[in-house]
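Shown below is the structure under consideration.
Naming follows writing order (A, B, C, D, E and F), and every chain is counted from residue 1.
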Amino acid sequence: MTNMAKRLFDFQNGEDLKIPVLIKSADVRVAKNGKKFIALVFQDQSGQITAKLWDASEADIAQYKAGEVVLLSGKRELYQDKPQIKIHSMRLATQEEGNDPQQFLQRAPEPESEIIDAINEFVFEITNANWNRIVRKLLHDHPEFYEFPAAKSNHHAFAGGLAFHTLSILRLAQSVVNQYSSVNKSLLYAGAILHDMGKTIEMTGPVSTEYTLAGNLIGHIVLVDEAIVEAAKELKINLEAEDMLMLRHVVLAHHGLLEYGSPVRPQLLEAQILHDLDELDASINMLTTAYQHAEPGDFTERLFGMDNRRFYRPTKGQTYPDPGTN
Amino acid sequence: MTNMAKRLFDFQNGEDLKIPVLIKSADVRVAKNGKKFIALVFQDQSGQITAKLWDASEADIAQYKAGEVVLLSGKRELYQDKPQIKIHSMRLATQEEGNDPQQFLQRAPEPESEIIDAINEFVFEITNANWNRIVRKLLHDHPEFYEFPAAKSNHHAFAGGLAFHTLSILRLAQSVVNQYSSVNKSLLYAGAILHDMGKTIEMTGPVSTEYTLAGNLIGHIVLVDEAIVEAAKELKINLEAEDMLMLRHVVLAHHGLLEYGSPVRPQLLEAQILHDLDELDASINMLTTAYQHAEPGDFTERLFGMDNRRFYRPTKGQTYPDPGTN
Amino acid sequence: MTNMAKRLFDFQNGEDLKIPVLIKSADVRVAKNGKKFIALVFQDQSGQITAKLWDASEADIAQYKAGEVVLLSGKRELYQDKPQIKIHSMRLATQEEGNDPQQFLQRAPEPESEIIDAINEFVFEITNANWNRIVRKLLHDHPEFYEFPAAKSNHHAFAGGLAFHTLSILRLAQSVVNQYSSVNKSLLYAGAILHDMGKTIEMTGPVSTEYTLAGNLIGHIVLVDEAIVEAAKELKINLEAEDMLMLRHVVLAHHGLLEYGSPVRPQLLEAQILHDLDELDASINMLTTAYQHAEPGDFTERLFGMDNRRFYRPTKGQTYPDPGTN
Amino acid sequence: MTNMAKRLFDFQNGEDLKIPVLIKSADVRVAKNGKKFIALVFQDQSGQITAKLWDASEADIAQYKAGEVVLLSGKRELYQDKPQIKIHSMRLATQEEGNDPQQFLQRAPEPESEIIDAINEFVFEITNANWNRIVRKLLHDHPEFYEFPAAKSNHHAFAGGLAFHTLSILRLAQSVVNQYSSVNKSLLYAGAILHDMGKTIEMTGPVSTEYTLAGNLIGHIVLVDEAIVEAAKELKINLEAEDMLMLRHVVLAHHGLLEYGSPVRPQLLEAQILHDLDELDASINMLTTAYQHAEPGDFTERLFGMDNRRFYRPTKGQTYPDPGTN
Amino acid sequence: MTNMAKRLFDFQNGEDLKIPVLIKSADVRVAKNGKKFIALVFQDQSGQITAKLWDASEADIAQYKAGEVVLLSGKRELYQDKPQIKIHSMRLATQEEGNDPQQFLQRAPEPESEIIDAINEFVFEITNANWNRIVRKLLHDHPEFYEFPAAKSNHHAFAGGLAFHTLSILRLAQSVVNQYSSVNKSLLYAGAILHDMGKTIEMTGPVSTEYTLAGNLIGHIVLVDEAIVEAAKELKINLEAEDMLMLRHVVLAHHGLLEYGSPVRPQLLEAQILHDLDELDASINMLTTAYQHAEPGDFTERLFGMDNRRFYRPTKGQTYPDPGTN
Amino acid sequence: MTNMAKRLFDFQNGEDLKIPVLIKSADVRVAKNGKKFIALVFQDQSGQITAKLWDASEADIAQYKAGEVVLLSGKRELYQDKPQIKIHSMRLATQEEGNDPQQFLQRAPEPESEIIDAINEFVFEITNANWNRIVRKLLHDHPEFYEFPAAKSNHHAFAGGLAFHTLSILRLAQSVVNQYSSVNKSLLYAGAILHDMGKTIEMTGPVSTEYTLAGNLIGHIVLVDEAIVEAAKELKINLEAEDMLMLRHVVLAHHGLLEYGSPVRPQLLEAQILHDLDELDASINMLTTAYQHAEPGDFTERLFGMDNRRFYRPTKGQTYPDPGTN
């Protein structure tokens, strides 16, 4: 029982484990033999792993649902080059055993309070009064901004990932602003803070993340634009003034290409830069995560978010800290 | 002087003319010989035609500007397969000679009052109360909707073209609703009426039409979405309810493809139908206009809005009434 | 035995059934355990559903073939989000039990005789004598036109679907003709009736539909063009005259884009309209079918014929009648 | 006058010339100074070159038309990197001076009679009786096949170019057949002979080549398919037999890709090979022509038919005989 | 035991076999029941076939590895339309039983010595001294060139396939050179011999072929360019001279399109021809192989290397010799 | 004469000027009236501007060539929205008047010596000995690296632009390295310094920049790879070791996409980052240059290097220093 403190990815393939984990998702399916099983994804702060509970009874189906913490006994194995858990047995964790889903979420590698402080430092730098007020108001009205992931999968898919991704872009933006005097710092910072805020409406939250109906039918880019417009109305800021059109444009255009869902392509220097920094930070996050799960000297699995490319992890030298766990 | 009642396209190539026309645009340029000239586009209700005023003096440049009515004496000619006017002389028209730009605009083939009535008939058919109220409010708040063209060029590029295009789609939609019982009539009608209303903000108006800064940086699709959201707020309609997400979706998705500027692709039956009817009506309008300017047995010029295709005008049979003049 | 009158899609998931059904297709495969099974598709007028007959004997394989009617006892279940039948037992139906495959085909929602009458009404409207004679001759020579589906899967994939799809386009075309005076009614109607007639050669028929060798190597667009040319020869119509080139063009161009298999793009107004109406009717049919199989408040499965999009079925309001059953 | 025997491309830039030439095309246009000029293309067996006749009188316009032979006095010059003629004077040639347009056409580098014989040799090799009879019949019915160019511009754009291109493909095909025993010789030869025969209907002929209405609305691929079907009917060959579907497929698929106008993609080995050899021969012809007009050590102009690439002509070594003059 | 001389593809579906075969690849996986199995590919000179060894013990996993020869007892079956072996039993072959992997490799249809001689004949024809010396040196330095396959799968995926593919291109090139006098024979031959030589570095060899790290990170096109540059340095040939730039260009451009991995597109006639012949020979090889495995009157499986097309094998006439076995 | 110290872009449209300028390019052409003129591009440190010398004599053509300094008297004007010079008179500058082309080149905004020092600082940070030695050797062997532009036009098209672009990327890379611990600093710096060094072979130099034959036929990406391989050979570094494959990969892949000319796509984290930073710095440079030439409140001209987009210059706030002049 000494390995109770170990986490999912502390075990090697072939090793037995007995630890508490969170059920991230649980889909009931019918096997080829006609019996039901549950396709499970377990999660703790070290990462996520799949498992199947064969010959699932109705009682199993009733109790093993997304969001539950279970005591899992099993063995880590490889199935088609991906790790999975072969379940020996499992049961729901009791309160005393630490049945708190929050304890099992992957989190940003910096504490939430530090991320809040760091982003607020950047807000101070926004010298255009209208932009500053809107950014403050939206941060204030959306405290869940600091809890959400940046995506359902792909990149920064962990609690606090949205704010951490935003902060990472701001730090890159700071370097750009220092290096190129033609860049409007206030506009780039304001755009960076707001650009993905619509994801708090597009998705359901950090646990069992799904897309909402608004997310599917409207999309996070238009949703945040609506929020900006509403904030400006409430603050009695003139929406037809150039500065407001610029702020909205930088946010609307941040996907860079129409086929990626932006209704307009970047037509301001800061819109182009925000798009480039967004892609740069997302790529580094995706690759660092992928490298963690690849052996030195091997290629990663194909990465959907990187045009299905595989990346090579060199045999030595770099280490790849989990970009989603502090 | 008896031909004063004739209009630009009533003259043949090679024929002399002396008529009042509106200057639609006037660009000052430098010729290869170093002297200035004015590249003009003249317009009356029969259509538009280009001309050049060579060796333009500063006085010429000062007085011949877009929006002015002039008395034009010249000859219609062909230049690189397109008609143009060779200017003999011209001067500003006096008040008595009818210096009213409104008289020279191409207009929708139905009177504005009939278009208003016809659209209002469709509004009655919108039985969802929220959609009905929003459509009414936006029509009421945007009386210029009945004056605007549907585009700067391409299709329905005449005064009242926006409303006439909307009405044409509604009439097609009525046939679809009658034929297919699975279609939500209220949603299709509401979406049709609102889909291009953002163009009243995207463009400057029916005379000397240009894109506004908001049109360039935000685009008419997001602009009308903002208007819907504002209207709902004022009418205290719940924006998070399914019906509002559906209405906004139908409008946001009406360009059909992301690369055409819709931030989301159609995910409702009515969104798909609205997109298809929008394209159908625009195509028929573009082709009818092009056929008017082609000889029977010839091909039209290449049409930018139809993937640069040329279309064949048969030698006999059909007539092609000007789709933009009543 | 009282549920003998119920049909496949009248049962809920988890419910037992015992009904006669048609075997639409039967593929013999080897399971992972090395034993043979038959992958079956059952069909009645309510739709189609898959099933697997495990551990199939040689006798099973010999008797359970496409086109046979069986008495099926089993349970409806969900497998990977799609309905399937878990077979308890089955045997061939006797003559007395109603062993007539025709009784189990999905059919167009209007009786064949009414479809024939309705199409003939449109033929009357074709005033160009050459087009009228060719249309009459080809309808006369291809009585199977009224029996075929419009496609193997995708849209209107039921007996009589080809003629019903044609009639739906004609009805839309009638609205267009009434609304836009520049459209040549005779050409649009003639093109609409002929456009997909090559499918009677491209496919094998309404039961166990497959593509023929001619369908694969020549394609239905060129096959119908050949039929038009042959008809003109027999009727001693001048193939080099403009009207025949126009009719053939409208048919050849109806897929709209070269990459969709048309050897030429639309270069006549009526060719463009026919293409647009063809897509519109096919889309409405595909979506209505998909909505029928989705729950209110859910998304449909991804639709191959709609660029793999999923569509949202609203929680209330519309009903979606089976577009392929009268 | 000794240079009367010299031809257009025997003169250097800057050199005066006085020779008879054919007017290939003559377009009347209006210059920037408002006066008319004729944009001419002159042609003799050495190639084609442009010129402008400034301040053209109505008499000039009346007499200098495509198809006329003129006595041209002028100077060869470079205009925007392309050769052109500066006209000193010109007049219509008299009968005695050799006013025969046929003498000025570029021609295939082999005499027509030899091309006919060579193609007939290949016909002997077609051992499938149906294919052989159809090929013979179509060659017999289309004697103009030996006079037509293979294209209006691009490749083999000279009298006899169509047959010469066909023969070149047959010779390549012979090498392929000898090298790969899996290839059906009869099918490849029959397909090669027929593949472009529809161009005799698609275009107007070797002088002043234009596309016909049938060429524009139907296209040469479907036109030759119709001819094959007609021939089979007359010869009472069963069109539904596999061999006829194969022959038609090879011809229909020879553009290789749907977006290049083939209604089906190659699905037979011989269809794939014919497409590849067609492209190979066309490329070599285009490049050899382009190299002729480039200086050693320079790049050719951009070639539309080669994806707008420029090709490098090495400083020494190869010579590039005119691929279109015997 | 009399069928010991028969090979894998000499057996019909359903027939028992007992023969020695080579294990081409062996992947250990976990079955749905949680037990391990080995996914095997067996190979002899008649081709390759898959099999699964269920419930594999650790001893099985240890001994049945790629490169081993085993005595296989089993039955040939069809699984999802593809042939596979159902294993009855198997054991490692002893030395006496012929445990030599080389005996089980598929090979080019001409003996290696003849291929070497034939290629050397072509080397004699390269009259440019620099190109001749480089080709000789690289052939001399890379004797494995005659042992390698041309690809891991796709086309010429057998021992000696690289040299045989090269020779096939040279033979086609010879026909082209004889037919078109504008082609530089030396350049085309030199380019053809060198174009794929980088594959000897890109892949690991004819047994258990995999891509090397250099193959993945640099690619065979740049690898052979490096080899040419190195050879020129050692032979003290001026790399900046035109002829060396030409040779390198022909090799670098042979994939034809940037998206196929060539860093430059063809800009020399010979580069374009080499690309076309490379595709032609690869296509014929792929199709001939696919036809071998299809029944007359059927379509082949979808071919990845031919844009996922299926090809039709006619019911009679042609035979399709194994393109990879002499 | 007091304005002799003013430079080209210090004058307004309509203003007369009399200053020395460098002829950057001079193309002789024939005007529509048949007379020759010289199309000139003048240049000084403030930028480039076009002009035409009409009715050019042979003497004019002989003396006014690229690379000459002239005393120019003329007027700045607008022609089709772009500034140009209307020439009053011009003559070659004498030695005393400062006939030194170097004085008229646009230059990087930092002195060359500081750029050299700054890049050398980064070299110190490359701790992999092989990479460090290769970078040092190539910088040492290519002193012209500090003189070349980064491109013929597009971005950093000024003397020293190549090194300045490199340094800008290094500075961005420094920020990235500091922020993300998973990045290999040595690899990113070494790749950044080498990535565009092949441009010193691909182009002719900072004056009258053209592409060399090697540039056209091989391309700068393969040319620098060759240089790295050569350097490694001379330094006796093992080219097959992983670190050398990694360095070459980062350089070869820096265009990011095959269609942009990289023979392989990025498969290392550092390769992806280098590509992203290369694009970021190039975009900022292109946009800053374009903003300089646009008026506040206007859009720039369409930028070829930015997918033909136009960018909006806000009415106030930012200033845009010339990114190519110190």
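Rule of thumb we're sticking to: a residue touches a chain if its C-beta (ideal position, glycine included) is under 8 Å from a C-beta of that chain, and two chains touch if they have at least 3 such contacts.
Here's who's who by UniProt: A, B, C, D, E, F = Nucleic acid-binding domain protein.
Model, not experiment: these values are computed from the prediction.
Asker: Between subunit C and subunit F, which partner chains are common?
Answerer: A, B, D, E
Asker: Please state whether E-F or D-F has more C-beta contact pairs across its interface.
Answerer: Ranking E-F and D-F by C-beta contacts puts E-F first.
Asker: Sort the other chains by how far their Cα centres are from that of subunit C and give me the top one.
Answerer: Looking at centroid distances, F is the chain farthest away.
Asker: Looking at A-E, C-D or B-C, which one is a repeat of the A-F interface (more than half the contact pairs shared)?
Answerer: Checking each pair in A-E, C-D or B-C, only one repeats A-F, namely B-C.
Asker: On Cα atoms, by how many degrees is subunit C rotated relative to subunit D, nearest 5?
Answerer: Superposing subunit C on subunit D takes a rotation of 180 degrees, nearest 5.
Asker: Where subunit A and subunit C touch, do the two copies share over half of their residue numbers, giving same, or under half, giving different?
Answerer: Different residues, largely: of all residue numbers at this interface, under half are found in both copies.
Asker: Just how far, in Å, is the C-alpha centre of subunit E from the one of subunit D?
Answerer: Averaging C-alpha atoms per chain gives centres 39 Å apart.
Asker: I'd like the Å distance between the centres of subunit B and subunit F, where a centre is the mean of that chain's Cα atoms.
Answerer: Comparing mean C-alpha positions, subunit F is 44 Å from subunit B.
Asker: Could you state the distance in Å from the CA-based centre of subunit B to that of subunit E?
Answerer: Centre separation, subunit B to subunit E: 61 Å.
Asker: Multi-chain contacts only, two chains or more: what residues does subunit C have there?
Answerer: Counting only residues that touch two or more other chains, subunit C contributes 32, 213, 216-217, 242, 246, 267-268, 299, 312.
Asker: With touch defined as at the top, which chains are paired up in contact here?
Answerer: Contact pairs between chains: A-B, A-C, A-E, A-F, B-C, B-D, B-F, C-D, C-E, D-E, D-F, E-F.
Asker: Which part of subunit F faces subunit B closely enough to touch in the complex?
Answerer: Where subunit F meets subunit B, its residues are 31-32, 77-80, 86, 299, 312.
Asker: Flag every residue of subunit C that touches subunit D in the complex, lowest number first.
Answerer: 213-214, 216-219, 221-222, 225-226, 229-230, 233, 240, 242, 245-246, 248-249, 252, 258-264, 267-268
Asker: For subunit F, which residues count as touching subunit D in their complex?
Answerer: 29-30, 32, 34, 213, 216-217
Asker: Which of the residues in subunit F end up touching subunit A in this complex?
Answerer: My answer: residues 168, 171-172, 175-176, 179-184, 242, 246, 265-269, 272-273, 276-277, 279-280, 283-284, 287-288, 291, 299, 306-307, 309-312, 314-315, 317-321, 323.
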